[in-house]
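Would you mind keeping the following structure in view while I ask a few things?
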């Protein structure tokens, strides 16, 4: 059993605060996800996701505001369009598309945040380490 | 000097640990997420219950007793046995507690507490002969449990139930004085409804069903 | 994305114990020693742990180290940056380090509070510190831009909260646009007869405030109006308001009331009279309405629907009726916005077992408020639905739709006191029996519990139990509940039932939140910036919330919030100018290929395309720093300051460095 | 004609033969093909659950496993008895909801060489299928003898609308499905306030006094509303209200005589089927008189019609919630 390394890109306005909400409610989740705060999920370019894998991540989770709730009005619309394409590309190049996960978590949804993190960590744990798949 | 604890009501001497054990046991034995620990004692269940008047404690009180770890009192109560499974409490409960399902669990537990002297898959005795148990047979109304047992005895032997036999056996045992009252109805069942007084034909897969139930019982007790 | 040679920086790392909040789970001493040793090659020269980094002593520690050790970068591992990032940025700034050379990492909300295993938590803290150190060396000093603040203010919602906020601001000499959806300001408070616990007359205390607001030289009142669009940012909002056609020429109308006297069309008034009374098709909701001008409800007006009637026009002495009036679209410039949009009453018809809507003599709290109001549909008489019979016994049911996972999980906070008030009013007006069905009596507040005791003394029957069902029977209604203190089911026959329905967020709360760029909680209440310390601000600078739109509240709390929001706005106006986002995007003109993808992606139209150069250009004052353009730019020509690829990659490498080193030690 | 898997349940073989016959008679014209599960066993009613939870669910699940085996491409099990319907639905729900529990039950089934995939089949009651699959238009097409003038109290009992795991009914306390169906047959449908209250269930056997109390509440309420016939969807409800009406009368010294029929029996009448083929005559309180009125379509005696209350100009009532209200909320 290995400890998967997961990079979590979280929107500063919603999901990062959702993670804070989970903390304030003392909900528990596995420590594998390393959270990187970004102003908006739309900031994350496909290259950054791929770079995470190159630097040794086993999974990448990208959490933004619910569609319609974006702090910047439409930043997350880009995420919603961009990331499914990236997943297809990953599949094409032989990276399991499950290694990238996109969801919307608001500042109030501490519980949803916890569930999402738990489930994603489980998913990634079930996969072999990323470096092994690339051999 | 008298020990302070000894003069207190026995329930107050429960440790917190014991209390939560009972609540957790009920929760674990109920399928799905029963939310039994979430009760806020609002009384919606007790107010909704159509057979509440026949219960010695309202369902709400039972939940409080579970929380207090009052195992014997809960398992001696007739409350679960009076439940008619109308699900009013379940859909109205503001805390989404699956009250009807919890009542089934409590019935299971209540019978289990009497198990050493009680064969299951046969027409059961009317008196329990409980000697080494804290369960008080006098406080306990065995009619309901008995009805369940008679019913199951039929299912386990034929694969199907038949009402007239069931009602007959049951009433002879428990409501012998009501029989004169019942006779016209029984005759009606036979004549008007054309029901047969004989047991139903056994299902073909009786062997298979027996094996399944046997395995299920093992799983239950494990 | 090519990382240049690592800059030589002197980094200070500070680990906060936060009392036992962090130190109780994370081994902070271990983290700081580790950082001092293992991260030395990353530039760490000082690593300390301290009980409370946010205390003045903790801040002084940083300032001292900057001066004495010549730190060029600072990392604090403590709580969420949403709480203390400004604190530490200021500390750095005081000691001469640009605030953007500071990085904060969250080892409380996102580590010690969410991780059970102490070793795991310590390891995660190390990983987070390593990430922050990795990033901070790539951070660049940034200078903030300052923009002037427009002193005008927009207040949305003309209930008691909005009126209070508007008056506070207007009295200080600033101009306020007060927008109200209904024909008159006043809100829910105008509908009530008495207020708890003092039982003073609601109208008597509200109408003077309404009058003041209506006549204030600094308040532009826009009733029968709604905000359509909000653009801009703190200090510089442009707001588009639709002023719906009243079909009344305000400059001519004297409010004499002839029009509604003569109007032949009677309509059930489901807003102000809560469905219990009638109004005409041309109406003011109530006699003391502010402004005094009526509106014509064109959906019900005979002329608009059938083409003939015009009774109002015929009788209007000043010729103020204008059937051809059109909606007006106004654009106003404001610097700050206060939302005070209030609440909706829970729809009691959703609870089938209470029979509201099916059983005539089941009333909601708002209906009963109108019934007891001397100016209401029954002239203040408490009667059954037939309009004449006085009930001999009344049941008041608490927590209708509140504290119930099937409807709303929260406590509506006002219903206990409101129900006790109803009990008093029924007793006073009919002398009948009153039964209060409650789950828990919640009377926190000045003089509230004393009021409860007074009501018990008046002989009200208190039954602790949530009502299971209300059915017709025994010539009236039967209320069935468990009296939980007795442990028995009770069936109590009464003539009338009042449902103390809970408060819920406005049906369009989500839309409104989107319009103003703020967020809603799971129950659709507007979310404040901090539940304790910043209750009226929101995550969007310049937009404030006050009153029941943020959560259930009684009148005193709403008024206090209205005033609080006004104070916050005035303090911003007093500053004259405001710092805006320094982390803006920037185009590298050398690599830009002029594809214009970024122009289309920008939510703020902040990116211009310079035709003559064939390059994109970011207008910094408009850029809000979301970085969507960066994610879109194919040749990677756009950088978002403070969130550059270099910084993000360094952060992730830093984080994973620790995970890797641990794996190795575990294997070894 | 679409096919459904059919689980009749024990009562249909004995006390509720009338239900069985009438179900068969009305399903045909509605295009509902019923394929009975071969060698099904009793669902255990509420009794087995009281005794031993795991075997109880295993007992129910055997039927689900048989149905899955014999499904032949069909996805829906129709159970006409409310208790059977709920038990089957409940087993499916919990096996799906609580994975560990589902595995346990499947482990028991494996002892008999069987398996059920939770969530594979939809368990539905006949009423729900008629309303939501077949549709009332199709029902109306088949009506040749409208039940005009017959005042019916629709009575659903508990286990159909509650807890309603599949969210198939409009409400858990005042659903309108049966009302709409009976209206489509041309009957005069009473807004029966106790339509989902309890019939007494097994209390007739274990605590008759309580049961009589509950039956009395239902029957007297129906009587106060000038009901000609109470219509049920469940053999247990029918039995309790019909067969125990006499004993209840003795207990309370009352003399109610309200016939209690299955909804399919009245559907059959409206569809022009012969009363004999619909199991009429097997009820304790004879429905002959009530039905004869429909057959000759005699107008109702004036004095029986409800006296319209003179409307005084009272306070307005809130409007009733509509279907659109429900759907709009679901969207919120």
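Per-chain residue numbering starts at 1, and chain names A, B, C and D are given in the order in which the chains are listed.
The rule is short, and it goes like this: contacts are C-beta pairs under 8 Å (C-beta built on N, C-alpha and C of every residue); 3 or more make two chains touch, one makes a residue touch a chain.
Fair warning: this is a prediction, and the values are worked out from it, not measured in the lab.
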Contacts common to chain B and chain C (chain labels): D
Between the pairs B-D and A-C, the one where more C-beta pairs touch: B-D
Innermost chain, where centres are averages of C-alpha coordinates: C
Mean-CA-position distance for chain D and chain B (Å): 25
Chain centre separation (chain A, chain C; CA means) in Å: 28
Where chain C and chain D are represented by their mean Cα positions, the distance between them in whole Å: 47
Shared interface positions of chain D, touching two or more other chains: 172-173
Residues of chain C whose C-beta touches two or more other chains: 353, 469
Chain A residues counted as touching two or more neighbouring chains: none
Every chain pair in contact, whichever chains are involved: A-C, B-C, B-D, C-D
Complex contact set, residues of chain C against chain B: 353, 399, 403-406, 439-440, 464-469, 480-484, 487-490
Residues of chain B defined as touching chain C within the complex: 40-49, 52-53, 57-58, 60-61, 88, 91-92, 94-96
Touch list for chain A against partner chain C, complex: 2-3, 5, 7, 13-14, 16-17, 19-20, 22-24, 26-29, 31, 34-40, 42-45, 47-48, 51-52, 55-57, 65, 68-75, 78-79, 82, 106-109, 114
Chain D residues touching chain B - in the complex, by the definition given at the top: 10-11, 13-15, 17-18, 39-42, 44-55, 57-59, 62, 93-94, 97-98, 101, 104-105, 107-114, 158-159, 162-164, 172-173, 197-198, 200-203, 205-210, 213-214, 239, 243-244, 246-247, 250, 281-284
Chain D residues touching chain C - in the complex, by the definition given at the top: 171-174, 191, 193-194, 221, 312-321, 325, 329, 332
